[in-house]
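In the two complexes below, subunit A is the common chain; its partner is subunit B in one and subunit C in the other.
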Partner chain A sequence: MEEKFEPKIAAFVCNWCTYTGADLAGTSRLKQEANARLIRVPCTGRIDPVFVIKAFENGADGVLISGCHPGDCHYNAGNFHARRRWTMFKNLLEFVGIDSTRLHFSWVSASEGKKWVSVVDGVIDSVRAKGPFTQFKKLNKEHEIPVQTGEGVSTK
Partner chain B sequence: MNELKQICKDVLTEKKARLIIGYSEDKNKKVKPYIARTPEDAEKFTFNHNAVNNLAVYIPRFKNHFEGKIGIVVKGCDLKAVTALIQENQVKRENLFIIGVNCSGVVRDTDKDFSKDNSQIKCKYCQMKTPGYFDAIAEETIEFELTDDDQAEMMAKIEKMTAEERLDFWNAEFEKCIKCYACRQVCPMCYCEQCIAEKSTPKWIDTSATPRGNFAWNTIRAFHMAGRCIGCHECERACPMDIPLSLLTRKMGMVASAEFGYRPGMSIDEPTLIGSYSTSDKEDFIK
Partner chain C sequence: MKIGVFVCHCGENIGRTVDCPSVSKACASFPGVVYSEDYKYMCSDPGQNMIKQAIREKGLDAVVVGSCSPHMHERTFRKACESAGINPYMVEIANLREHCSWIHDDIPQATKKAIDLMRFAVERVKFNTPLQTIKVPVTKRTLVIGGGISGIQAALDVANAGFEVVLVEKEPSIGGHMSQLSETFPTLDCSQCILTPRMVEVYQHPKIKLLSYSEVENVEGFIGNFKVTIRRKAKSVKEDLCTGCGLCAEKCPIKKKAFSEFDEGLSNRPAIYVPFPQAVPNVPVIDRSVCTYFKTGKCEMCKKVCGREAIDFAQQDTFITEDVGSIIVATGYKLYTIDKKPETSIYKGYGEYGYGKYKDVINGLQFERIASASGPTSGEMLRPSDKKEPKKIVFIQCVGSRDESKGISYCSKICCMYTAKHAMLYKHKVHDGEAYVFYMDIRAGGKNYDEFVRRAIEEDHVNYIRGRVSKITEEDGKLIVKGEDTIAGLQVTIEADLVVLATAMVAQPEASKLAQTLGVSYDKYGYFQEVHPKLRPVETATGGIFLAGACHSPRDIPECVAMASAAAAKSLVLFGSDMLEREPIVAKVDESTCAGCMYCQKVCAYNAIEKKEIRDRQGKLIKVVAYVNSGLCQGCGTCNATCPSKSVELIGFKDDQIFAQINAFAEV
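Moving on to the complex of A and B:
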């Protein structure tokens, strides 16, 4: 029987706003889909674009980056710096072939549990519609080095 | 290039600089970077269509500025790299003695003569034939007009593809990469003492030349050039596998200019793009 495709989403969220917002969604018993793996970082300014590449390398079908609204940053300017970086990075990834259906950005504050649910569900729907990121996973496959076992060579 | 030789000789005699980074020609007419420390050395300086190297890459290697200024021979495009290094606090303007040369284009294939077909891509849309500022300038030049910008056509072609086609296109290009890091070594803006490619705890980028490591390295390198690349295309020239790296860096430059109106290496007083921010930056892509 063919299994239904369930996307894996890596969500990089800032500790002060979005993580707390997602927490609020949980404590408020709001229903959301369970495909997103949250990775808590101190601030959106902490997110190096190499994290995003690494997430795709490790099997993510989509990536969500979320933090405080502009002006609300716990460190005053972290998200302003991040916003510029993302503008450049998003355009670069689009140019090399990872478009905005797989890479999402949002501002979700600590009080926006409802918004978090709608953002996450939106991202999951968008990635699910796009399907598994086989093109990128193929890169990993070619990367696998044969491992020597007792009897001959296998590729696990 | 007698004027250039004379200027360099005077600079070294009068001790306006302790050394001068320039170009010299060998027996086989190959032009190579050359560092002169005495007025006699300056006799070897030359400049012609074969002077492709961007010499600004050597600037961060000279740190003892108390010993005297560093002289450098720059084309218009190379001066942007010098400006960007000053912007990023890698060198102080007062520690440099800039000797400008009016450039009339440089070759792509050094074995052939300079012509419309045999010129670097950057020369085809060059806006900086004369350096914007300098301490001395050698005024010898030949007029040239090159406008066939075939790279822009290539760029438009890639932009019209679907995301899947683009990823296939770039993976086919990156597949050639042998991770020699020549693109990094030759780049005047790649001066980190420890490159992200060499960080091992954790290892962010696979060091072996695997498809996934090549994708990570080439995209991250292009991102690190975002809003910083001054477009000397040295990475592409140095690449032994002929990966069109300048397409990536030029695209980043176009984004910087379209989204923020920023062009790197234009003014030494301007803050860098990634090192600064504005509260009114566009954010139409953020939900």
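Moving on to the complex of A and C:
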């Protein structure tokens, strides 16, 4: 189990730049590792810091946030708000006890399919090198907070 | 909730690396899923019918389709579901093609990922709510900003379709840079001859309200419903009384103090002036910065000679508001100047070309004026310093353009063509003259464009030298141009009488300010940004605001005209219906929990959030809450993430929808 660790990456991406950039990577058949799961939001400005904490809580080993380049935001300024938010939030993350280097931030435009692949693979490699993220799972165990799994049973 | 799951093979595209039947089988065991099926082409008619049939037979409330990107077929599946009786917003797409099958090779891994993506979508759809598209009325009028060829074309197209147009031009006359040109490439037809009839048509058009010498001050509202404040600068002349006889300008004693903008500084104009004889409207304005009356309180010569008593020294700037449904921005370009720039500028000047201090080093527009029959030399080829005919002329291309050391990395696109034209015009007027062109590459893409450049070289014997000019100095009335010929591998020195620089096209200096007023994006050079470089090239990210011409990027006249017509067409599409339908992805405030801190208002880029007072029956204020104007809201959700009490939610991307996806991550 330990030697074949495959990290789970939650990626929050904006609809207009990075999601479309990831679409372009697909259309261009650019191969990438299969560890990331994308969650589409309209804008990086929509991403609440709680999303990141929840993702770690639900077993993500790393989180990637990606949106439009500064100045290119579809909503004029959403990515600027996101950027400011993460500058503040990184410190808070350490305070909560999450290694902030597991949180990655990037700008990938709709035309940067190639960049998207290198970003995703880079994040996967970096998290793989760090090993599994266990702090939250331990916490859950200690305080016996059941992990929320929706209304039904797992298919695993 | 009864959820139906449909997994598409996309022929082989998904099916090759994702085991679709297993995905469909796995999905069947997800809580809430009552029906699960896979099919070769879900987007085909039989595929869509399969979905419709399942909706009717199984009584589905929600549908999840595993297929290509939602950007591709979300609308298709939403429509299909709507026709079978479920709300289109109860449909979720899992992207199994672009984000899975096409980017992975390993079948078990890709299949597992596909199942995860389906689970995300299934969990999300449980929190979807039926939504109705938002309908807003459309004001069927267009505001065109800028009266150059792009603005003129856009205004005429919209007006000829039967809709009212307000055309705002900051100069005293419409016409723009095109009115300054002598002849146009590649046909060498006279620019004014083809432009002025259009200008007159604008002026006489019953649907066009022309506001010259005016500027857009403020823009409020949203697509279909803009409220625009326009500053009408004081002309000091009553437009309705003036007949355009020109006597005032003739008698004005100020003759030498002001340079003519129209002649690019090569001639003088009086304090009261019309920019050029064919100006539209043909109403003069007083330049108060040079007028004797405004400086000393004496003179009033123009007032004395005006038989119509149209001169009004007391006139003030006035402000008017116009309601429009769409805005076409056509503010055009400026030419880069080689003078020394301040430290703060992104551009640098050309010290090696003398920072513009040599009188006989001119730019392309100045050459146009010299070559033009309506210009300061009446079309005679005479250089500015001593009014002698230049026998040797050097044209230098890419001055600023494609020169990152000067701050501009882009190609200005039109210079190769107009330099060839200039060289031709020169040779046609000075038969024994020699013309040299220094170029980096010749970019003459376009119908009959390359043939035109060949004509300059082969028929008119213009000497093209591939290489850059390193220095220009002045000696005894001659300009010593030092450069290199990279093909011959030689240093070249030419003693020229006149040097013409093909300086870069740059955005108008006030473009970024206007962009902020309009709420549209712009690039680092100040050019306005389109939504999609290929498929939506004239639309901005702000609905209802379109771009035309060189305010978007360097382009020539035919391209400006085409873009202007496209922008007009986009406006007309908007006017095709009385009510505007838009996606209901907007923010909404829960007034019961909102504390009125208004953080949401501070982060909103669209001024869509305002304060709302809640009062009791007696009119006593209970509390102040945030209110989202759903017409203005574009649905970015920044307010949602900012709200400390989670009282504002982005419909369609609500917290519980996203948390459902994140929670499903536990089972990845």
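Please note the rule applied: the second predicted complex is superposed on the first by the 134 of 156 C-alpha atoms of A that agree within 3 Å, B and C clash if a C-alpha of one lies under 4 Å from a C-alpha of the other, contacts with A are read in each partner's own complex, and residues count from 1 in each chain.
Just so it is clear, contacts are C-beta pairs under 8 Å (C-beta built on N, C-alpha and C of every residue); 3 or more make two chains touch, one makes a residue touch a chain.
All of these numbers come straight from a predicted model, not from anything done at the bench.
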- request: Check whether A:Q135 is in contact with subunit B, with subunit C, with both or with neither, and answer first, second, both or neither.
  value: first
Query: Who wins on subunit A residues touched, subunit B or subunit C?
result: C
- prompt: Which holds for A:A22: it touches subunit B only (first), subunit C only (second), both, or neither?
  reply: second
Field: Touching partner for A:H81 - first (subunit B), second (subunit C), both, neither
entry: both
- prompt: In the superposed arrangement, does A:E94 touch subunit B (first), subunit C (second), both or neither?
  reply: first
Message: Quick check on the superposed pair: does A:F105 touch subunit B, subunit C, both, or neither? Answer first, second, both or neither.
response: first
Field: Contacts of A:G122 with subunit B and subunit C, given as first, second, both or neither
entry: first
Task: State whether A:P70 touches subunit B only (first), subunit C only (second), both chains, or neither.
output: first
- request: Would you mind listing the overlap between the subunit B footprint and the subunit C footprint on subunit A?
  value: 49, 54, 71, 77, 81, 85
- prompt: In the complex formed with subunit B, which residues of subunit A make contact?
  reply: 49-50, 53-54, 57, 70-71, 77, 80-81, 83-101, 104-107, 119, 122, 135-136, 138-140, 142-143
Complex contact set, residues of subunit B against subunit A: 158-159, 163-171, 196, 204-206, 210-213, 215-216, 219-220, 222-223, 226-227, 248, 251-252, 255-256, 259-260, 273-274, 277-279, 281-283, 285-287
Message: Per the contact definition, I'd like the list of subunit A residues that touch subunit C in the complex.
response: 8, 10, 19-20, 22-23, 25-27, 29-32, 34, 37-43, 45-49, 51, 54-55, 58-60, 71-78, 81-82, 85, 110-111, 117, 147-156
Query: Given the complex with subunit A, which residues does subunit C contribute to the contact?
result: 26, 29-32, 69-71, 95, 97-100, 102-106, 109-110, 112-113, 115-117, 119-120, 123, 126, 519, 521, 523-524, 529, 531-533, 541, 585, 603, 605-606, 634-638, 640-642, 650, 653, 655, 658-668
